[in-house]
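In the part that follows, the structures are each spelled out as structure tokens.
Heads up, the next two complexes both have chain A, just with different partners, chain B and then chain C.
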Partner chain A sequence: MTTTQETAPAPEREEIITGCDAVAQALRLLDVDVLAGYPIRPYDSVMTAVSKMIANGQMDAEFIVAESEHSQFEIGKHASLVGARAFIGSSGVGWMYGMEALVVTASLRLPVVALVGNRALDDPGAFGVEHNDAMMVRDTGWLLYWVESAQEALDTTLIAYRVAEDKRVMLPCALSMDGAFLTHSQHMVRVPGEDTVGEFVPPYDLGDRRFHPDNPVSIAPQFNEDWVMEARRQADAGMRRARAVITEATADFHRIFGRGPADPFVDTYRMEDAEYALIGMGTVGMVGKVAVDRMRAAGKKVGFVRVKWFRPFPQPELRALLRGVKGVGVVDRDYSFGSNSYGGVLYTEIAAALYPEARRPVLVPFIAGLGGREVSVDNLLQMEETVERATADGVADLTCQWIGVRGPDEDPRDEAATAEGGAR
Partner chain B sequence: MSDETSVGAVDVTYRGIFQKNLAGVITKELVKAARREDKVGGTVQRYGDSPERNGIPAKQFAVIADDMDSLRVEMTKYEPENVVVVCVMDDTLTKGVESWAWYGVRPINLNLAPGGTLLVISRRSPEELLHWIPRRTYDWNLAILPGEPSFGGLWVYNDDGTDYRTMGAVARVTGGLVSLDSLIAEAGSGKDGDLRAAQLREGYESVTMHPVGAGVGAEDTYVPVEMPGWTQMREGLVVPAVEVGKNNTLFMKYTTRTTRPLVKFDACVKCQICYTVCPDECFIPTPEGHYDINYQHCCGCGICAQSCPVSGCIEMVDETVFESNEPLHSVFESDPAAYEELRAEKVAQAGGANPHYGIY
Partner chain C sequence: MAAQELVIPDLEINRRLTILPMQEYYTSGHRTCQGCESALVMRYMAKVAGPRTLVTGTTGCMYVANTSYNSTPWALPWAHTQLGSAGSSAIGTAAALKVLMRKGRIAEEKINVIAFCSDGGGGDMGLATLSAALQDTRYNLLILLYDNESYANTDIQASGMTPWGAVTSFTPSGSEQRITQHRWKKNVPALLMAGHPTGRYFANASSGFGMDLMDKVRTALDVGGPTFVQTHDPCPKGWDFDPRMSHELAILAVECGITVLWDCLEGELRYQGLTKQQVEGKVRRKPVADYLRRQGRFAHFVDEDIDFFQSRIDEMWEDWILPGVLRVNQTPFGRLPVDGSSPVHPWHAGQDGASGNGNGSGAAAAPIAAVGGNRG
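Our next item is the complex of A and B:
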């Protein structure tokens, strides 16, 4: 004879888990319907975590391991199209391989959520973090977020579904997480109780767009020049509305879970009276705060700003935060060879955001931590000194400096070649 | 070219793939000849027509101007304006053109400038052609270059002189957009110059001109498709599906057809193969088990005729002998003998069934 056991919903508890595990916990709480995967380090820890939970009966979902990232992302897209809450993910060139499927997910306005375990693009076949992989979708209609901690990974996964699935937005969302430093390190994480998440994220409802025999529609027919621009404008409108939806969701997060970030878009540290600031994304924020504390202890007025939502880009916040600041260093864990001042993507975006300001700070681009190289407190202290010097010298246009790279700032052979008047 | 404007376009409307090379030669040679007159020019493929499909109406334009600015403006348009002549490379196109870039069937002379010329390669009389060509609100000219449509393939240049005869006719009907002398000089710079010159002269001399007054011609039923704004379109690239048993009213496909399937209903064994294989779902089951044909949506691909197991049951017959797209089974239902008489008459009028259907 069997008996039905009534179990109370599990209450909130603290666990020591990795960033990937934290995302998996969020997926369980969200009752995600379809997960598609294809293994690649470092994102694939989330596959392992989810598989375990399904095997243990803690989670009820279709978990489809595809034969490639392209198929994986297409599975997620189609699952979302028939009304299933879907999750995908990858790292590095795996993310790139499925790019076509990622682009169409955004243009079909399907609120798939993805984890990008940031990894250097091949070649060489490195496993360490670089932000270029996730950056590749920045112009395509994907909401894009960089987390700093496992707790933020869990919380933001909940927020990501809430925002992406909002009728006003309906865009996919990629959560970026530094490979190794967050995907494979365990943090203390408050895992919410099962009864709270349903209130925060309502059931997924695609409405009259749901692909179903009872709702005969054609999706994405061949369009010519008469229609494409209107479709792009619709996605643009979704992205413009996302700011208000993110603000609303973050406020609701506070109300339901009793905690959460002060500002939805940027994480600021000791910026109140700052004369100098460093800006970065992801786990650089952790050392950034330590560096700021040390500089403050030495009497310097320095603060740190961590950009969280990259799309939509926090233009109003950055303008307001940097209005009184004299000098700013931007730490890019990515590259954009040949771009403005040879800086990274974040630098270029911040420079553009500040352009209309009447008084702009001196802005110095740095590239650091590529391919998983550690970014140390000392690295950040060095950057801050460079910013201070450039500000004092009134050098408003400093070419990007690579921090933590072996060898000199400039290649001495370039000078020799110039002197010889020919290519070497 | 009129006095007010220093730019004119030649629109070559042709059957996709079958006449692609033909249109390419005509437009390019017109521009090269114009260069001999110190004019500037270029050609524009109607991009939405590409990649082409067999027989689907498509366009290529030659733009000829006196100055670079006039040319630059027209070269950044999908369809250059001030079309002084439309070359119709197959007279069945006078029934209307529906490219897959457009929505709805457009009149063949929709973009013809007032006073311009529709140049049709045909064996038909002006009256017969005007039976299909919609009226305009302004005066225009119908020119007829006697001949058969010249069909080749994507990699096949059907060297039957149609291209050069057409160019010769263009020189005549435009009154000097490009002169016959320039065309002959340009052709003379290549091989077979004498042959080309003869073909150019033949076209120049054999084309006949027929002024058409405003309001003369078939009823113009063309209504441009309404384009919704971005806030009116459904999001997520969603469009309502066409209901089962119905067809898309905004993409009918019949203007692709040069031959149509004609069914000998009393030979039909009701095997359903035509119904199954038709890619456009044009076969309509009748209560007695025959399959009527929706000619609005039939593109004349001929797969039904190829697949029919009964010899002579479905035959592909030249499109120009038919007046309307009405299904024909009702004629058979009311009088099978009269239907068979009509069918045989149409096949005879077309000079027999077309043996070269389907595969090109």
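Our next item is the complex of A and C:
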């Protein structure tokens, strides 16, 4: 698939709907066969929406109210194994509860699609967004995407099934959506027609792995050291091939729907001549763009990069984009306690992505917006100033800065511990 | 040329099997231990299920010892499912079949869905999923729990269905504590039956009574779903006995009244075979010592342990209203009539029976005629 020629837009209608509702609309258009739900906020309103559509006859699917997330994900996995297009989802600790089932969905190479309504992990309990829940599958073979708007949520759900079900990929895909900020905020969304969606996403075909009496195969036997490494290598190959499949699907999306993202992997804003850049994921992108406009108005050459696909990670794009940029601030809405520079997961990934570069920008890790705390324009302006200062001072190894957090920078107990250590 | 396919003829639901097909759908290719009764259960199950069947199985002996890659005993489509997800695998599989048939993507036909699990996977970790599966009346599915009374594949650790007092890797007998398996075995089929009026068929079976077991599996599949069958399978490695005695030990467990052969079809409870004769007083139960003394896992038992074990077995036969099935020994209306001729349940006989509120209005424990109906 190489054509990117845009034709007349397919018949669409416009609706004001939430991020979760936008995903539900995509599921209806995709004629998803089996959906399993289990209640946890905030992802659950997608299941509320689809169960209503099924009850009203707008959608033909089996909807199962599972008795736990583990069962929910196993139901999705086994339905997918029979050849049904399956959908699951969760948030926060619910996603964690079903982790075993998520892992085997990926290792069985089943193209289930999930919505993760990002939510802080317990304890203490919190409804608000944090990206750590979805991050837990980043090493297991799940394709992972962070959306910014309800429109992107709908479009990416279509792309997710197309990519996941592609024979070259055959991996599950999780769509991450900031809890509350996007799951429950309304946007104007263009909802495509069913015929165009059918053209974009071909029917799901599991081929010779289909679980059916006509195909008496034994699925997922014991491998042990004889074969596990080869199986891992095959999943790795699927993930490597996903990049080309995503590019192809995005181009096809343009052709069929007459719109779509400029770049499949990253969303860039005013990066053309940028000397400084801020990078983040999810809804922080909206705030980031406003902050960039304000800084540009003040004469600063600043741009914003929003990472969309986290798996596969857009290393080539980031290396190209940040070449020539002097200083970069990474805004993590997650934590990875004890990691490099005490930064978040995105920071660590970007640092690794830039390592092969001959000239690397100054990279400053930030953690902000945990547990649903707002990340404001002012927060981003503050981060950019910190990046500029570090760049000017030539400090290339600034440890992670927490933004918008109460309390002293240093815990008094740290000094006590140091003194104690010194005395020994 | 391939042998002619022999398939079980369509039978009326709940009719005793009189002929069996030549074909085996669980064959060579496994590496279960000598004397493994659970492997025999798999063979029985697959034989009566026939070729239009999908089987999922949880992690456990019947996963690890059955399906080493490049070798499988399954002539049926079989898929692994996680230890605690027998019920969810059945729901997911059955739901997908249903919707794909409805949408015309696969041919409309009856396909059996069987999810098997072990005492650990089904009775412990996956119990909630069995509960969920038995609530969902939209789907035809059978959960088969093969009970070999320990986590046998992981080196014999106690499960919630390991008998009281048995030595396992996690419940040794020590110099200070003779008994460390303090839990009395949970009664999973009765637990599921009592709590799931939506379940259409429940059965307790034994690997030692193959025809009865196959009857039950076949009845469950004919009924449709949701259904549940449990089998009691002696395990030479886990129970510490000579493998050639496996089958005899399964039979002995029934003779001693430890394993109770019963089923419940659409709310009608019945006993089978030897158990039925015991319930009707035609055959005396053997002492449990005959069973316990043949197994190394009970070798540390002193007489008082055996007496305790016997007393608990006696209680479930002599004090429970449904002997060996449900631990209810008294109703608000006193005991149920026990003369065996014309039971008149107080519910149906007005308020008269309500006076016997626990003051021994019933006679000595004995089987009641309301249960134990004949098959066929």
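Basically, the second predicted complex is superposed on the first by the 403 of 424 C-alpha atoms of A that agree within 3 Å, B and C clash if a C-alpha of one lies under 4 Å from a C-alpha of the other, contacts with A are read in each partner's own complex, and residues count from 1 in each chain.
The definition used in the following text is that a contact is a pair of C-beta atoms (placed from the backbone, for glycine too) under 8 Å apart; a residue touches a chain by one contact, two chains touch by 3 or more.
Treat the numbers as computed from the prediction; the structure is a model and nothing was measured.
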Joint occupancy of chain A by chain B and chain C, clash or fit: clash
Touching partner for A:74 - first (chain B), second (chain C), both, neither: second
Which of chain B and chain C A:234 touches, first, second, both or neither: first
Chain B versus chain C as contact partner of A:289, first or second or both or neither: neither
Touched partner set for A:226, first chain B, second chain C, both or neither: both
Chain B versus chain C as contact partner of A:110, first or second or both or neither: first
First (chain B), second (chain C), both or neither touched by A:187: neither
Chain touching more of chain A, residue-wise (chain B, chain C): C
Which of chain B and chain C A:213 touches, first, second, both or neither: second
Clash with chain B, by chain C stretch, listed 57-65, 237-245 or 273-281: 237-245
Set of chain A residues, in rising order, touched by both chain B and chain C: 216-224, 226-227
Residues of chain A touching chain B in the complex: 107-110, 170, 208-209, 216-227, 229-231, 233-234, 237-238
Chain C contact footprint on chain A (complex, rising order): 31, 33-34, 36, 60-62, 64, 66-68, 70-72, 74-84, 86, 100-101, 104, 203, 211-213, 215-224, 226-227
Complex contacts: residues of chain B adjacent to chain A: 48, 78, 100-101, 103, 227-230, 233-241, 243
Interfacial residue positions of chain C with respect to chain A in the complex: 51-54, 56, 63-64, 67-69, 71-72, 74-82, 84-85, 87-89, 91-93, 95-100, 102-103, 105-106, 111, 128-129, 131-132, 136, 138
